[in-house]
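You will see chain A twice below: alongside chain B first, and alongside chain C after that.
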Partner chain A sequence: MTPEARLGELVRLRLGRHDTRRGFLKTALAGAAVASASTACDGAGVEKLLSKHYLKLTDEDKRKLFARIEAEVLARSGVRVTVGDPQPMAGVEFVHALDLSLCNGNRRCVEACARENNLPDDIRYLRVVEVDAGTLELANAEHAYDPELVPRSGKNYLPVQCQQCKKPPCVDACPVKATWVEPDGIVVVDYDWCIGCRYCQAACPYYARRFNFREPSIEPSRINPDQAYLSNRIRPAGVVEKCTYCLHRTRRGRYPACLEACPTGARKFGNINDENSEVRRMLERKRTYVLKEELGTVPRFFYFFG
Partner chain B sequence: MSAGRLVLVAFVAALACEATHAPDQAAERPFAPTHEEILVEPRSHLLPTYPCTSCHDEREAQPTRRRLADYHRTRYDDLKHGDDAFWCYQCHALEDIDKLRMASGQLISFDEAWRLCTSCHGDKQRDFQRGIHGLTIGEWNGKKHRRSCTGCHDPHNPRFRSMTPEKPPAPVQSR
Partner chain C sequence: MIRYLQYLKSCAGCVLRGGRNYYLWMGGLFVLTFLGGISWYHHIADGLGITNMSNQVSWGIGIANFVYFVGVAASVALLIVPAYIYRIEEFKAVVVLAEIIAVISVVMCLSFIISDLGRPDRLLHLSPGLGVINLPSSHLAWDVMVFSVQLVLSLYIPAYLLYKRYLGQAPNLAFVLPPVMLSMLWAVIIHTVTAFLLSALKSRDFWNTGLLAPRFLVSAAVSGPAIILLCFAAINRYGGMRIADRVFDYLAHVLRVMLPVNLFLLGCEVFTELHSGTAVTESARYLFFGLGEHTLLPKFIWTAIVFDVVALVILLVPRWRQQPRLLYASCALLVFSIWVEKGMGLVLPGFTPSPLGEVVEYVPNASEIVLTIGILAAGALLFTAAAKVTIAVQTGRLRLQEGDA
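And now, the complex of A and B:
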């Protein structure tokens, strides 16, 4: 599809949704029969239009909402999934660390992340970039390197993903508060509240956010049924998404999928408040770097040379 | 792989030497501190030619260093570990070929190979024990499975081999 055609499709998609919502509200205000709006959308559609922001959902709301999402996925793809809502643990602040001396650019983390988080083929949260050895020069980084074998001599590899900033510019940019920082430091997106303006995507200095240009198509056999509302549930078209440190795994005590997939063991993950955690031991003993430190975003993602 | 063996290999509590919690510190940390149960994954059941005695029982051990012309020839020719003094019995035990021999003369199991590796590579040992070096999977706040050194590195040629990368990102999203 050409960029123009894609843009056209997108405009139709977005305008169509706004028309429906405006039409619905007008009808309701005029006191006319709701049925006229319902002709444009079924019962679930009305529920979607009236749904609340994640932070205002009651337990009962969540139960109904998650059941609806599960039913939708079942109807669409025939896969029985569970949508959970694991909460942040008290006193835990997640930090990810990556040993650049070990990363050889094999991209296993990229694909493991895609499987775990139900990503369609054109979206990847993680991107490994190839930089000249001895530099971390992002401006000249090669994103699409594709040699027979990695690592190439004279090159270093730098995986980049959401840095879960303490002062995230993306959160400030969102006009509808559809993205925010959770108490455990994970920046999340309420996909049902996102209006798809992509301001956050433009604001992120790490190119960490991705936009769903179309309804994601994932082969049913590749759908990960272990899902969470704020992380890897299958997103609708027209919303922004990003790495969530696999919160459906990590808030239940497990390591993120990218870490376990790394054949060189370059990734470390844990609670920075815990002085016995691997990340804390790393921070206390290694020379560490953060990307674009000068921007003052205070990332919760550290690079080090082991 | 035998489940019994996996259980038998004790959780290496000693590895988590830094994870011991003094009771007076516990009060300062209201959250659950890291409770590490680390299993360094045993490997001997994964080795295709183990036990070595299935052949070496019938052979007289020859302790002089020489180029191997027959069995293990490629392994010997490709040996890229240490200097010229290195050959089989630098690590393998002459007196019991199913074991490895520490510099002290102590014989250890293949499942504890990390002990032998780290007797030279002390810097890596410190990072390995702290969980900074090596692949650890499982729970960030609980049971961990840690790959032994030889789970990732070929002890005869420890440098990582080149790998085929996964496909590059789709060019759909603009940069």
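And now, the complex of A and C:
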């Protein structure tokens, strides 16, 4: 297959946005149907216990809910935060590409991600593993290498995070539709709907999902006040969370925190549908691959050798 | 209605009255249940961080016990077959007891699952109307559905049969046969759906095998009869009701057939996994030989296999299996060995190594073990109470009296 034909397939077949939209429309319609069926049961007093699914929230619901979350954070930690709800941009589908020949395993991305996304010490969305030169086999990966001593000779480094799959097994697994694919390709979790069964964690082939085993505690001085409901707001205990491509940043035209922090420039990010975007150029010009392609998850995360 | 309340009152009276040993037994179980309750409270109040589960091994002893007791619940079908297909009278007398074992297993399954949820307060999100249920995609959603039906079925059948007996009336077969036949089918369904819940995950090579559902059924046909046989032996000894020898012979016969099949299927898995030696079989190597310094699980699985073989020998040698003590001992060995094989030995290797190749060993901690013992004790408590009522009704000691109505 010529490189052009392969790219054509990647872009059209695997990341074709019409398909994605139709999928989302189906979800939205189903959600709306359930919503209209159940609005009658909503009582006012038991608001918190009978919280609504994100896709059923009206603008008024959102305003009240976000204000309540902001007030709770203020009361608990004394930090004034804003919880927003940036919407996907029309025609945009985000893709991340990572140059493995540049990554040297310094793990700056891991820490930047943690700061940006208000992660407690025991949760990291990103894993950078060390593999021997000559292999990318995860079974032999070293997870506990010292990031101060990189790059070690004879070693390669492989960062893994949520691959924002087009066919995500985690979304299929969730029994209550607390996680879904947004129109811009980002897989999100409604932290106020998740029941904490962790079936999605079992279903994820990339070890991308994390569970809040405890009430997350973050030092007030480290809280990032710029928050979004579906991404980096401080999570409740007992729910699953994951990388959201920093949607509170990227949907407002900024890069994700991991990319900004990367000193080697290994990370590229952008809109696959934009012919002039950097990720599109990488896909056109570099030799790319995806993790565990054989599983048919169709990741929106590519690796390449620059 | 008044008559039914009267019935419930006599049942309660029956449960509350007993000899010294009965009170000691029930009191002991109650204390264990209470301790389990305290542990459950901490699971909720402090979060699942008090357990030894991690992001790498995100399911532990709770899910292992759940999978195990699904099998016990399903194995009741094995007694329905002789009772209602072959219509052997001796078996009809024990169908109620078997259904009680089933319903208590289902209740225990639900307890293991709910105590394992991060947000049990959001259980309503699973309910029709108030919640959003992800059908047909989520196998877990299917499992919730089939379990709800199973709960209703296995509550209804013994409740109806007992009440009729209490009234001194013959049960109306039109009200019994359809649910009984359905519950036979449902035993296969709850089991298969639970197996599919695991085997459908392409992320977990260890579970992703077509052999999982058959192995579930076969192992249930070992652990189930073993537990039922032990419960029936206890009833014969302490319960004041004589369960026919024919029932015991039948259960031992089921074990004699299904245990070798179970070992055969296990052998097929072991051969295929270990012979191919590919990276996706690391989990099987972890289970049978350990990975690096992580060698706890192999000790358990080899003990289980030795128990299986010992039990099989006892069951195959006529002179030995005819001695009740040896028969009960072999059942006790099988209760444990299937718990290892189908519980921890099935759940943990699924998570080890993690999808990124990390090996984290999980061992349940004290709070998880106390919770498990608490739920088991609650199950035993419920079974003792329900069996006492059942026996009183079946033997005619608890009957509607002339003056009551």
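The working rule: the second predicted complex is superposed on the first by the 258 of 306 C-alpha atoms of A that agree within 3 Å, B and C clash if a C-alpha of one lies under 4 Å from a C-alpha of the other, contacts with A are read in each partner's own complex, and residues count from 1 in each chain.
Convention: a contact is a pair of C-beta atoms (placed from the backbone, for glycine too) under 8 Å apart; a residue touches a chain by one contact, two chains touch by 3 or more.
As the structure is a prediction and not an experimental result, all values here were calculated from the model.
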_Under the stated touch criterion, which partner chain does A:L295 make contact with: chain B (first), chain C (second), both, or neither?_
second
*Check whether A:C262 is in contact with chain B, with chain C, with both or with neither, and answer first, second, both or neither.*
first
_Let me test your reading of the model: by the given contact rule, A:M89 touches which partner, first (chain B), second (chain C), both or neither?_
first
*Go through the superposed model and pick first if A:G238 touches only chain B, second if only chain C, both, or neither.*
second
*Report for A:V181: first if it touches chain B alone, second if chain C alone, otherwise both or neither.*
neither
*Name the contact category of A:N140: first (chain B only), second (chain C only), both, or neither.*
second
*Based on the superposed arrangement, let me know which partner A:F211 touches: chain B (first), chain C (second), both, or neither?*
both
*asked:* Under the stated touch criterion, which partner chain does A:R127 make contact with: chain B (first), chain C (second), both, or neither?
replied: both
*Which partner does A:R107 contact after superposing on A: first (chain B), second (chain C), both, neither?*
first
*Intersection of chain A residues contacting chain B with those contacting chain C?*
123, 127, 143, 207, 210-211, 213
_Sites on chain A touched by chain B in the complex_ = 89-92, 99, 104-108, 110-111, 121-124, 127, 143-151, 207, 210-211, 213, 250, 253-255, 259-260, 262-265, 268-271, 273-278, 281-282, 285-286, 306
*Residue ranges of chain B touching chain A (in the complex, touch as defined)*: 18-19, 21, 29-34, 36, 127, 130-142, 147, 152, 160, 162-173, 175
*asked:* Using the touch definition from the top, list the residues of chain A that touch chain C in their complex.
replied: 31, 34, 37-38, 41, 49-50, 53, 123, 127, 129, 137-141, 143, 160, 169, 171-178, 193-199, 201-207, 209-215, 236-240, 295-296
*Using the touch definition up top, name the residues of chain C that touch chain A in the complex.*
46-49, 51, 53-56, 58-59, 113, 116-126, 129-134, 137-141, 144, 197, 201-204, 279, 282, 350-351, 353-358
